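Two complexes come next, and they have one chain in common, chain A, joined by chain B in the first and chain C in the second.
And then the complex of A and B:
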């Protein structure tokens, strides 16, 4: 075992003791402790970090992902955790091999705040979160067909021509962006025009013409 | 006189009435009224909207132009002011707002992003709202100062004062056609030649 890097969070050593080889490596960057964890046991590790006395990382600050320019390097899903009681942070990274399907277990059951964060990572990077209750695009619209914008293989101006993007935008139905889940105020539904009610009941979310 | 219609039928109508003493006097009165009571439909999406608010507030005071009545319903609006960048997600919405506005109506594209896409030459951004709705006045700037917007408003007033009821094409609705565009991409490229959005592409590529 190599010497522990100065400033490394004691949680990392505790993780190594509890999970062994599932903890791939660790580092300290700008004073922040980062620990890389195997994809298959990521949910287990995160649940342990949340629930174990002495760790208590009860606040999920952010989930994001990093796609490196080197195509051989894995895409990393990054969880920024904070313990509100102990006032410490920890970053957990899960490398995903780009040759395999990009999927990792959802942490929605641990932190409800992961809902929209995971949807954003799904929208921008195309990572699927197994077990997420409502995994659909959050920033781009439902019928967006150009891919996942923050991936390195995505051109800055998008995959379609400007003319095609304009055509699709003009063909979009502004009302069809809302789903029944989003119109959560049940009373408002009865005030809607009949044609809109019908579209919502059919689950229509806009279509490409 | 040897005048013939273009064969491709691009001009749909020829003015049926030529301007005469009666119409020009009436035009003067109507245009005077229209130009001095433009009710704006503010479509503020970004920092330009802050400058637009400054234009509306006390120091610059848009009510000097009879424009202090912001029309937050498109059905009572005369001029749509798109203040800020327009993402493709909002494009069908500004199109719907524009279609809901009754004639006569005009549009001001405020700022670099609304006019050309500005620095946002990206996958998410409309490269000039004139690919979505017809625009009368472009106000440059990033964002334009209130003086700039007021100059644009005065240009629009000048344009309105030059309109005539003898020209019915002014009130023609430019709707989205069956190809899915309201201006064909080839025409957009032709008009913006040689100034595409960058040296590498035309505006439709």
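And then the complex of A and C:
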């Protein structure tokens, strides 16, 4: 575990010196340096990598997650970082134990580019990013109830039958296409028929009455 | 009640102190209805709207004609490509990539093959590299031509649309001759290409590179110093360099803001470091600079294409596919006559090519920005995870920021300047 693999990014050693046991392990795969860090200090580590002179990972290339086929393995949130000035990459992975709530601190305050990327991971894997200002589904619709599509326990064709999927799609109400926040613009909400208003207030969206 | 003060009369805009056409100050008007002035209006654009370039839906909060807030809604074209990829062999993923960024399918194919080759540790031949460079640059040209034409239409210029689509059609014909398809090219395979270029094809591309820039010159004449074009694009949708980096933008969006970052130069792949080309970088970060960057990129792509054609002529007869028999099918003649070769063919098609356990991320400079494919493998023939780093998706995420405070009509121009393709955003 502690042996430095050939080609490992020097940033990993610097991380070990600065964060000690929060750096769980590191590896090189296909020339990419990967470092696994503890969930509780992930935000701290990423902020350090971004702001420390000599590291300067100022560009967040990607945030994604990996759910392994072995159900006992933790789900990993993966941050692909890049230093535009130094032209080096580093992948930081945060393992999340599936028996506990899948939560990690949002990096929205470090990189605004994390906004939609974290929303997508939330949508597709159900990982909650604590501190994200607007964490809601992005590719699937708000009332999507089948689960998180990229989890390995999610079947390829979805959790519901095709008949149920069709029924729900046909039953979707027009007002379900607007969030409450959007309907509050321009007093649009007040102009809705009373039964629509009631359904919205009760949170019954996307269902045929 | 209205909060606005009506003092100035409508006037024809003149030139400001920098010589650019000045824009009407907001809130100018003589007969504003009180009912409309005070309250904010909700405007829904899309998902079925020609100016949103696909099934993008924008919910706008307007105060008068000024955008207070822009809330994009995406996902209407979600096809679950990443999930589908987990159920397919590496070579079977290639057709999925055609359908993500469907304006540059060949570049996506190339990126997929490169990422899978990085994962499996496969070297490709020089001729294959040259053909892949040609595929990437042809894709850049057609993607930018679509951008140029449709953005011109969005801003009221119809003629350049016809010019650019005519040129695009010439590349599509070449693409069709090479791959047999205009859109679903599926050009690459792990370790090589699906097909070599047909006889005489190079002459067609040479003809294109020799005459194509004339159209760019014409567009340059039409747009670059056109006062309407300048007035609608200069100073609109501005993003500074720091903001562009912070928003993780890539491609022309990043470079128009003055960040000199191009994957082809900074993390070279396919031997791009051996080609002679320049990377245009803007300085204002507005729509106009994005236009200038993309226009210049087409000239540069043309230069790369010419150099690649010279190399291709030099490599005539050189092997196309790698000789690594793990990944490349035996020649058809041998598969039909030799038992061993036939078994090999059968096993490779039915069982796929296993990749060693590990993971690899590879980014390439696609027309829209940095396209990255991230594979996680566990030793089987199907990936555990196939992640697309979608440039359009990440570039579009800054749209609310760009639209804030802009006019409603500018929203159309700003959205066009981001150069999105919904197939890739929704995946």
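Assume the second predicted complex is superposed on the first by the 170 of 209 C-alpha atoms of A that agree within 3 Å, B and C clash if a C-alpha of one lies under 4 Å from a C-alpha of the other, contacts with A are read in each partner's own complex, and residues count from 1 in each chain.
Quick note on the criterion: contacts are C-beta pairs under 8 Å (C-beta built on N, C-alpha and C of every residue); 3 or more make two chains touch, one makes a residue touch a chain.
What you see is a predicted model; the values in this text were computed from it and never measured.
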- request: Mind working out whether A:171 is in touch with chain B, chain C, both or neither, as first, second, both or neither?
  value: first
Message: With both complexes overlaid on chain A, does A:19 touch chain B (first), chain C (second), both or neither?
response: neither
Query: Who contacts more of chain A, chain B or chain C?
result: C
- request: Identify the partner contact of A:36: answer first if only chain B is touched, second if only chain C is, both if each is, neither if none is.
  value: neither
Task: Pick one for A:48: touches chain B only (first), chain C only (second), both, or neither.
output: neither
Message: Which partner chains sit in contact with A:163 here, chain B, chain C, both or neither? Use first/second/both/neither.
response: first
Message: Just to be sure I read the superposition right, which of the two partners does A:146 touch: chain B = first, chain C = second, or both, or neither?
response: first
Task: Could you look at A:115 and tell me whether it touches chain B, chain C, both or neither (first, second, both, neither)?
output: second
Task: State which residues of chain A lie in both footprints, the one left by chain B and the one left by chain C.
output: 140-141, 149, 154, 156
Message: Could you list, by residue number, the parts of chain C that touch chain A in their complex?
response: 39-42, 59, 61, 69, 71, 73-75, 78, 80, 82-84, 87, 118-119, 121, 243, 245-249, 259, 261, 266-267, 358-361, 363, 370, 372, 374, 376, 378, 384-385, 387, 389, 393-394, 396-398, 401, 426-427
Task: In the complex, go through chain A and note every residue touching chain B.
output: 140-141, 146, 149, 154-158, 161-163, 165-174, 209
Message: Quick check: in the complex, which residue numbers of chain B touch chain A?
response: 88-89, 91-93, 95-96, 121-124, 126-127, 131-132, 176, 179-182, 185, 188, 201, 203-205
Residues of chain A touching chain C in the complex: 29-32, 34, 58-62, 64, 66-69, 78, 80, 84, 87, 89, 91, 111-117, 120, 124, 137-141, 149-150, 154, 156, 177-179, 181-183, 185-188
